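Written below as structure tokens is the structure these notes are about.
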Amino acid sequence: MAWQVKTIAQRTGELLPGSPWTAALYVLLTILAVTAFVTVAGLVLIYAERKIAAHFQCRVGPMRVGWHGVLQSIADAIKLLMKEDVVPRDADALLHILAPVLSFAGMLLVMIALPMSPSLQVADMNIGVLYVTAVSGLGVLGILLGGWSSNNKWSLLGAMRAGAQIISYEVSATLALLVVVVFAGTLQLSGIIQSQDTGWWIWRAHGCGLVAFAIFMIAGTAEINRTPFDLAEGESELTAGFHTEYSGLRFSFFFLSEFLNMFVLAAMASTLFFGGWMPLHVGPSGVGGHFAAFNGVMDLLPPGLWFTLKTTAIIFLLMWFRWTFPRLRVDQLMRLEWKILLPIGFVNLFVSAACVVTGFYFFAR
Amino acid sequence: MSVTVSTLQARISGESTAGSPLSTEEYFVNMGPQHPSTHGVLRLVLRLDGETVREVVPVLGYIHRGIEKMGEHGNYRQFVHLVDRMDYLSALANNWAVTMVVEKAAKMETTERIQAIRTLVCELQRIQSHLLWWGVFGMDLGGFTPFFYGLRDREQICDIFEKTIGARLTMNYIQPGGVMFDIHPEFVKDVKAFLNYLKPKLVEYDALLTGNVIIQERLRGIGKLSAARAIALGATGPVLRASGVAHDLRKSEPYGLYSQVDFDVPVGTDGDCWDRYWVRMEEIRQSIRIIEQLIDNIPEGKTFMVKPAAKIKVPAGIHYSHLETARGILGVLLVSDGKEAPYRIHCRTPNFNNLWCIGEMATGGRIGDLVAMLSSIDIVVPDIDR
Amino acid sequence: MSDESIAVPEVLPPPEKHVGTGGAVAGPVPWIDTSGAIGGVFKGIRSLFSGMKVTVGYLMRPSTVVTQEYPENRETLKLPDRFRAQLAFNHDANGYHKCTMCRICEEACPNVSIIITGREKPAVSKKELDSFVWRLDSCTFCNTCVMVCPFGVLRFDGTFESSVYDRRLLSYTLNQYAGPVASVLEKIEDPDARKAAMDPRDPYGGHAVIEALIEKQKAKKIAEKAAREAARVARLAKKAAAAAAPAGEAEDAG
Amino acid sequence: MDALNLIAAVQALHPAAQARAQSDQPTLTVAADALVALATQLRDDPDLRFDLLETHTAVDWLEEDRFELLYLLTSVPHGHRLLLAVNIDRDAPVVPTVSQVWPIAEWLEREAYDMFGILYDGHPDLRRLFLEDDWVGFPLRKDYEDDFMLERPE
């Protein structure tokens, strides 16, 4: 079965020659939809994190606002919006205001490349993986600016930690991505998903995919500053790290982008290693495939649902990490990256390349 | 002969002593008095070189209440409840320290039952204190979940105290002449149920935190204190024992019923954060042993030997006695002039002396290490400031 | 701060009886040896999984939740009998108390949270209680007053919901009436005469008593301070006269 | 070592030390000048080894116009205790520091300075410990007065 990928950008392109006004409306609606999705997903993630954390810790979490506290996130959002907007007296006001916006913008830009289902993707660039890696790097700029402009020593420490950490771990994350790129032979995200028609890369690549996934998860967790790599905020060490001086709306930008970065990470991991919206397939689906019937059953679930399930599972894994592990120390963090993850990542890439050249992996074409 | 007095401002404006070949600038940071891991209102002025701590200058007094001065204005029974508010996690041991010195000085009699109850509740409170420390320690190292597990299990001890004593934190239970109430009829049953509950939980704690590779990597070799330095710096309790000195007043000068029970004094070898962690975890197990030996053998007898309203007269002179709280040696030095109120009462609190070690421990470490060290000496700020 | 040059003698080995081995209840804690390159990493990863097993175990068993949802659980929330939350007067079935105004509790209170005033014109007996004021805002719940009361008048209640919007409302009058004790009242045959001997008291009216007391004390304190100052000046003068020789050049820096 | 032997042993080291009456610990009163030399001896003597300064504080004897400084020494290896008392003039409260003998004394002496105004000669960092640098007076002195200090009625 061939999957017809049709992105929103393509549809707009089709509309453009005939009815430009409709196309413009279409673009506007898309922008609104993405923004709405980001907000809603952020609130849902915050609620989910609070509930899951609570049950990890023998608590019940928010219970007061709405049924089992489902409206708690909205109440918190309203509270944050109504809070006084404080810019410290000695802060660099322009950068202080700009920083959360930058952080949020980086995350928002990644959103348009994420393939959520064959028909639900804003733009399908042929350099999709490169784009995502590049644009998600914008987030660290926001963090650095926020820590610098706050004119607070704790913030600065947090920002510097974040800068060193994110830039270091970007290397390993990219190496892990490259493994999949090498196997799939394309940088296009929909192409990578299509290449997993006969099975997900995590198990098709004789362990290379699994190692790459593990590295990607560790590096990704470090990139989005979550425990056990939350040194940039490090509550018990740096009070709140780079966002110590932020409050109200600006803090909520940081907060939201932090949670949505988790979504982006999970979505990327599921796209690259678990086939994104691609159902679980074993072998070719067409005539002659041994598991064609199994594949057919799997196809009954819509692709959007597959994507949601996979992403949710990975998000849960991230939350599980966060509520179990203690934090690493700065030098240990660097040691883990440069002395453990990076060599393993390189070796893994070489082995993958060898596999691809020799065609030694499951269901090679 | 003239003695000059310095100020904090002069203290923290010293010359840079960085020996790094790179041109770096040192800076001062205030850690506290409002900081998540200074456990209250402790303020540490840090001289940092990047992430590396060059010097720690503790600034105390944010919660100084003048307990010693207050003690001079009331009678002996009125002083007992004040010491609850020093090390509030060892409120019963604090009560007992004052009671001990008053009973010794005024030559008051006690029964075996009183001593058994005191020993039991103090050991329960030691477990309670160490459980809270365990949770907070996990949180200071960045793991949130241990905090909730530790507090959840500590609550159970608080519930037992609530039944017998009527309070959860500041008990004022151990009084000169006895204990305020006899134990609750359900006390023995509750304690046994709790011990059975706690033992599997300790295994869980080990799986969650003790055995965790991140924790062990972070604690090993951090904040080392040699045995000689630990004594010279006045450290007591688990901090001293982790350095390899088995100095435990429960063994060396047994009070209460400690001479009748069998228990070990865990000691460390290196005196690093890991040893301090391990010693405390082991002390929980030893306290369980002590309680198990005593809980079925509480002798019968009176629980209050004097009339509560009767005045306590202490003969003039210096009286001192001390005991082992969850954090170290708590000594009460009582100077009496024979009147109803103490002429001078001084408390030698364990945290005050233990905190002094942080300066030596933390120098050269990182900020993350400093937090771990601070947590591993288990400070309670009201006990430092008194 | 730390001075390594300070000569500190080495520690003697501690006496034999002190040393313990520990580990009697459960086995000693596993020390993860991460020195090996490959084996260490695997051991480390395994230790992480054992922690994850603990947390997910609680997630999977919602019955382990320990949260008490107050105030929804007001009906089921039972505090122990001895819980010390609010001081209360023991009134008997007729509503009479046994407080004889002996003031033992007032004296025993460490921080003057109990203020007792007598009636200016006692109705029946020589001394009659007017107001027994208890200040919740300064009470430390040490239970000493209950312990020392020779007549068992006082007790601690478990009613802990005592928050109010006005601090003055935290001064309670514990006695329901100003008047004689139960034994005296019971001797009065005539119910109307009994009623006349009793004057009802507002439980939240304690602040008026305290304010009157503070006014009285202010004047006293001013007088006392003047006397103290005079005594101090006298002492200094005496000392200056006594010190014929120079006192030394050390200065008091304070 | 029991109390009598201990006092005898210390008096052998320092004959001028006098046993102080009215104390339940073995207590010796020494002169301020001899304090540091004696402290070093007490710490280093293999039979005494008072290596832990358990506590140090002062008592303000207002009537007798003196401060009594108390040094409670403990020997961790031997398990015995000794209380050293030093009497100093209340108007010139200067005493040599023992912080080079027991480092913990640095803080304990700062506390005593803070609360009693006792000046320690040679102290490396003598300043207030609990109170602010500009605090007036020394609170644990018996004649300390503070307008905010509450008094019991009657």
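So that you can tell them apart, the chains are marked A, B, C and D in the order they are listed, and the count of residues begins at 1 in each.
The rule is simple: a residue touches a chain if its C-beta (ideal position, glycine included) is under 8 Å from a C-beta of that chain, and two chains touch if they have at least 3 such contacts.
Only a predicted model underlies this, so the values are computations on that prediction, with no experimental measurement involved.
Using CA-based centroids throughout, the chain positioned farthest away from subunit A is D. The chain pair sharing the most C-beta contacts is B-C. Of all chains shown, B has the CA centroid lying nearest to the centroid of every protein CA atom. With centres set at the average Cα position, the gap from subunit C to subunit D is 32 Å. In whole angstrom, the spacing between the mean C-alpha positions of subunit A and subunit B is 45.
Note: centroid distance subunit B to subunit C, computed from Cα atoms, is 21 Å. Per-chain CA centroids place subunit B at a distance of 24 Å from subunit D. Looking at subunit A, residues 56-59, 323-325 sit in touch with two or more other chains. Residues of subunit B in contact with at least two other chains: 1, 3-5, 145, 152, 208-209, 212, 214, 217, 228, 231-232, 245, 247, 252. In subunit C, the residues touching two or more other chains are 2, 6, 8-9, 11, 14-15, 48, 51, 54-55, 66, 248, 250, 253.
Those residues of subunit C that touch subunit A in the complex are listed here as 41, 48, 51-52, 54-56, 58-59, 62, 64-67, 69. Note for the complex: subunit B touches subunit C at residues 1-5, 55-57, 74, 77-82, 84, 145, 152, 155, 162-167, 170, 172, 175, 180-181, 184, 199, 202-204, 206-214, 216-217, 227-229, 231-232, 244-248, 251-252, 263-267, 278, 281-282, 285-286, 288-289, 308-309, 359-360, 363. By the touch rule above, subunit D contacts subunit B in their complex via residues 20-25, 27, 51-55, 57, 59-60, 70, 72, 76, 79, 83, 94, 102-104, 106-108, 113, 115, 119-121, 123, 125-133, 139-140, 152. Across the interface of their complex, subunit D is touched by residues 1, 3-11, 60-61, 64, 66, 68-69, 73, 104-105, 228, 231-234, 236, 245, 247, 252-253, 315-320, 322, 329, 331, 333, 335, 343-344, 346, 348, 352-353, 356, 385 of subunit B.
Listed in rising order, the residues of subunit C touching subunit B in the complex are 1-2, 6, 8-11, 14-15, 17-26, 29-32, 34, 43-45, 47-48, 50-51, 53-55, 66, 79-80, 82-84, 104, 108, 110, 140-144, 147-148, 150, 156, 248-251, 253.
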